Amino acid sequence: MSERNEYSSDEMMSIAAARALTGGRRCFVGIGLPSTAANLARRTHAPDLVLVYESGALGAKPGRLPASIGDGILAETADAVVSVPEVFNYWLQPGRIDVGFLGAAQLDRFGNINTTVIGADYHEPKVRLPGAGGAPEIAASCGEVFVVVRQSRRSFVEQVDFVTSVGHGRAAGDRERLGLRGAGPTLVITDLGVFRPDPETRELVLTELHPGVEVEQVREATGWDLGVAPDLARTPAPTKDELRALRALKEA
Amino acid sequence: MSERNEYSSDEMMSIAAARALTGGRRCFVGIGLPSTAANLARRTHAPDLVLVYESGALGAKPGRLPASIGDGILAETADAVVSVPEVFNYWLQPGRIDVGFLGAAQLDRFGNINTTVIGADYHEPKVRLPGAGGAPEIAASCGEVFVVVRQSRRSFVEQVDFVTSVGHGRAAGDRERLGLRGAGPTLVITDLGVFRPDPETRELVLTELHPGVEVEQVREATGWDLGVAPDLARTPAPTKDELRALRALKEA
Amino acid sequence: MAELVSLAEGVARLVRDGDTVALEGFTHLIPVAAGHEIIRQGRRELTLVRMTPDIVYDQLIGAGCARKLVFSWGGNPGVGSLHRFRDAVQHAWPAPLEIEEHSHAGMANRYVAGASGLPFAVLRGYSGTDLPAQTATIKQITCPFTGERLAAVPALNPDVSIIHAQRADRDGNVQLWGLTGVQKEAVLAARRSLITVEEIVDDLTPVPGGMVLPGWALTCVAEVPRGAYPSYAQGYYERDNGYYQDWDAIGRDRDAFTRWVNDHVLAGTTAGGAR
Amino acid sequence: MAELVSLAEGVARLVRDGDTVALEGFTHLIPVAAGHEIIRQGRRELTLVRMTPDIVYDQLIGAGCARKLVFSWGGNPGVGSLHRFRDAVQHAWPAPLEIEEHSHAGMANRYVAGASGLPFAVLRGYSGTDLPAQTATIKQITCPFTGERLAAVPALNPDVSIIHAQRADRDGNVQLWGLTGVQKEAVLAARRSLITVEEIVDDLTPVPGGMVLPGWALTCVAEVPRGAYPSYAQGYYERDNGYYQDWDAIGRDRDAFTRWVNDHVLAGTTAGGAR
């Protein structure tokens, strides 16, 4: 791998996602992009980040990227290993986790997540996706939710075909009305930029552009009439240290 | 301790109770007299008896009498140690246990057990007893219940002052009506004899007299008009082996 | 006491056409060999239950063993979709597949209720999602103390649950360690159980993080070395990540899949690779 | 992360007058030293919660710390009754003691609900007994799937739970083994927690049958060697059965009890015997 400061948009996404995780927080980690970001954060600026996996590993400290949510390295390096019912009932449900870190097949304007079916008919789907897994209760119970997803008009839609996990519903106040504990998605990180919910409407708004990306490009990859924050920022490019750590993690 | 074949009425009681436990059965063991009997059975005729304690020891094989329900020797010798919620929820409640072996402060004509208060007024009791512990659900959920108790007019009463654990209620059919899973008390062993519920009325009837005890003596120690089985039997006296095993257990 | 049997005997005795069958294992200790034996014995009309149906369920579905799937996440972990599962749901091949879909929290609690002898479990779940509209086994319940509304899900009580573990002793006591998932609950919730193990040993030396399932709570135990392959058995072998990757191409194509089942399952090479 | 504190500091910071306080430990690992510290600091009007209130609760009640007891079995295990508890219930000495009485299964499930962030738990319990007539926190609930009637009990969420464990590391991760009772649930159900440990070590070597409570789920940890005496700490010391026997005579008499508290608790000799 080159030592020059070149990087892919996926690397920018993982690094931007990692930066959002600050030290000492308890993070419920979905597999794939969230796990990469969480492990990168723990190996760089947030060594005391507590990683919780739905397989029952509390405080896992893997030295390489886990190949699955139930990789043996998670149990071997955890503070404690508990059963799957226990991780959901004693650790997630009561609100002990600060950040739920999720991926998504489809994400909509209000941060609602679909990982169930593409298409309007549940029984005759265009594409059958894997399903809910732990996501509905992670999205409901964590203090806040970060979503990391590769952005396109197929993934970033006006309204998800199926609400697998509730983001902000359809408006401010929906989470409270539904009795959902946490603040919901406060941050969405893609390969193009960073999005946050508008405090009034809860609609996702572009707040940061990754280096080299223009607003028009983001709009083209968004399935709704995208709002842009007045104080739109530029994501700092990955540092050499960040890239080195990310690549070491992936190669280990 | 004498090697002669002399024994106390308490020893006869423990040995008669132990004989009732046959091999391979799963027995939920209360502390005190039930624990003595169950351990004696395991060390004599029923080596594969499975002893379950509410402290979480499944299949305990103590080499001496445990001093309490949570004696360390129970955990050290168990097939598995589980939490207290688990022992009640996963092991007792679903009906996995064949025999619940209980003591009682008061036991009535229908095998109902009181370990809560003596006296008519719960809030101004004559005597405050320890309370329910695991007994209500042991009495409800085990396949059948054996009770071992020292007999007197104070302990063997017409009607308990407080139903801590249901035996046969007030009549046949009461257990079914209450949704209680098991058959209830099928055997009561005292220092004077053995009692079983009448199949029709569910009232406890004297079915065995311990050696040297006469029916009149039992009636005097019973707080209701005691029925006697037509085929009243004599408990065989303790054998030398039984006495030796019991005494070794108590001295270990 | 659990009876020690061969895998073929265990499946023949415990798994019947039309049964509700759970093969559990959360990435770790997946009872793959037992799943293949079910395919070999040609079981039909099964209701398959599993939180995370993955490759072995893709194989069971593709081989026509299932009429229904009760699950919370169906995928090839770290790779992508299950194409046999998709093909059954989207095109009813080789047969229609009814689905009953929950979240992990809901499924885990359904097993807990089953293991506890309760008819239902309560959780904070599903609120605001589209799942309750599709899944009849999600209802609401009101707390009798606070009046709060919560989700209720019915107990899962499979006819038979199958898990894989590291070891058993000759009395059928079973020991497993590492990530133990929902295996205890799945076994205790079931009417009958089959546990495949890496080896049968004289004594179960205690292991940190280990759990023992007493033989008196189990039905049958079968020694099946590498019975969790291509998943892993901590202390015995690693996960074969290549198998999972290779499965994508095999599972994607009906003919490739049929050839694979014939060559690797029906021919009896239980421990064979995906390739 | 849990903060490492002295016992006196831990109790001073976490236990307040009027609090609901659970000291748990099922025969094993009873946090006796912490109970004595509560007496020394003169806490009043506590609602004491414990499945098996035994000697240390007899002492807390006799010393006038409690206004209410929530429990399922109150006795001197292997010996007999708790005379201070009896005296409080029967004669309101030194103060009236309100009681809220459950079964073990009910109490255990109340902690489970508390640890799970649920307002109530469901169990098969209490049916036909006289307990529901005396205990307002036992109600009925109907299964929304089968119509079956079951018992419901509300969650226990103590202001502070106190347990004793074998070891902690310097990050406040706590390790306990042997009979672990309902300690995990009691700690996770509480708003604040204090864990006394036999020793603080550099590394928590894994132990078969051991459990680790992560420091980030705990409030304070205090090193208190022999903090469970006269109960036992597996791997450290045995139960002092003589203490339990001797307690019967001390607890039976108000004057003897008062002298004992003055000499053995208020004088600060936490690890002293009953004699």
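So that you can tell them apart, the chains are marked A, B, C and D in the order they are listed, and the count of residues begins at 1 in each.
In this text, a residue touches a chain if its C-beta (ideal position, glycine included) is under 8 Å from a C-beta of that chain, and two chains touch if they have at least 3 such contacts.
The shown structure was predicted, so the numbers you read here are calculated from the model rather than taken from an experiment.
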Relative to chain B, the most remote chain by C-alpha centroid is chain A
Determine the centre-to-centre distance between chain B and chain C, using the mean Cα coordinates as centres, and give it in whole Å. 41
Counting only Cα atoms for the centres, state how far chain A is from chain B in Å. 57
Averaging C-alpha coordinates per chain, one finds the centres of chain A and chain C separated by a number of Å equal to 28
Which positions in chain C are in touch with at least two other chains? 117-118, 123-124, 148, 184-185, 209
Taking each residue of chain A in turn, which ones touch at least two of the other chains? 89, 93, 141
Quick one: which chain pairs are touching? A-C, A-D, B-C, B-D, C-D
Chain C-facing residues of chain D, complex: 117-124, 137, 139-141, 143-146, 148, 150, 152, 154, 206-210
If you look only at chain D, which of its residues touch chain B in the complex? 26-28, 51-52, 71-75, 77-78, 81-82, 85-86, 89-90, 101-105, 108-109, 111-112, 123-131, 134, 148-149, 178-182, 184-185, 209, 232, 234, 238-239, 241
Spell out the residues on chain D that touch chain A in their complex, using ranges where they run on. 1, 115-118, 173, 184-185, 188, 211-217
Residue numbers on chain A that touch chain D, as the complex places them: 24, 26, 50, 58-59, 79-80, 89-90, 93-96, 141
Per the touch rule above, chain A residues touching chain C in the complex are 31-32, 54-57, 67-72, 74-76, 81, 83-85, 88-89, 92-93, 116, 122, 124-125, 127-137, 140-141, 162-166, 169, 174-175, 178-181
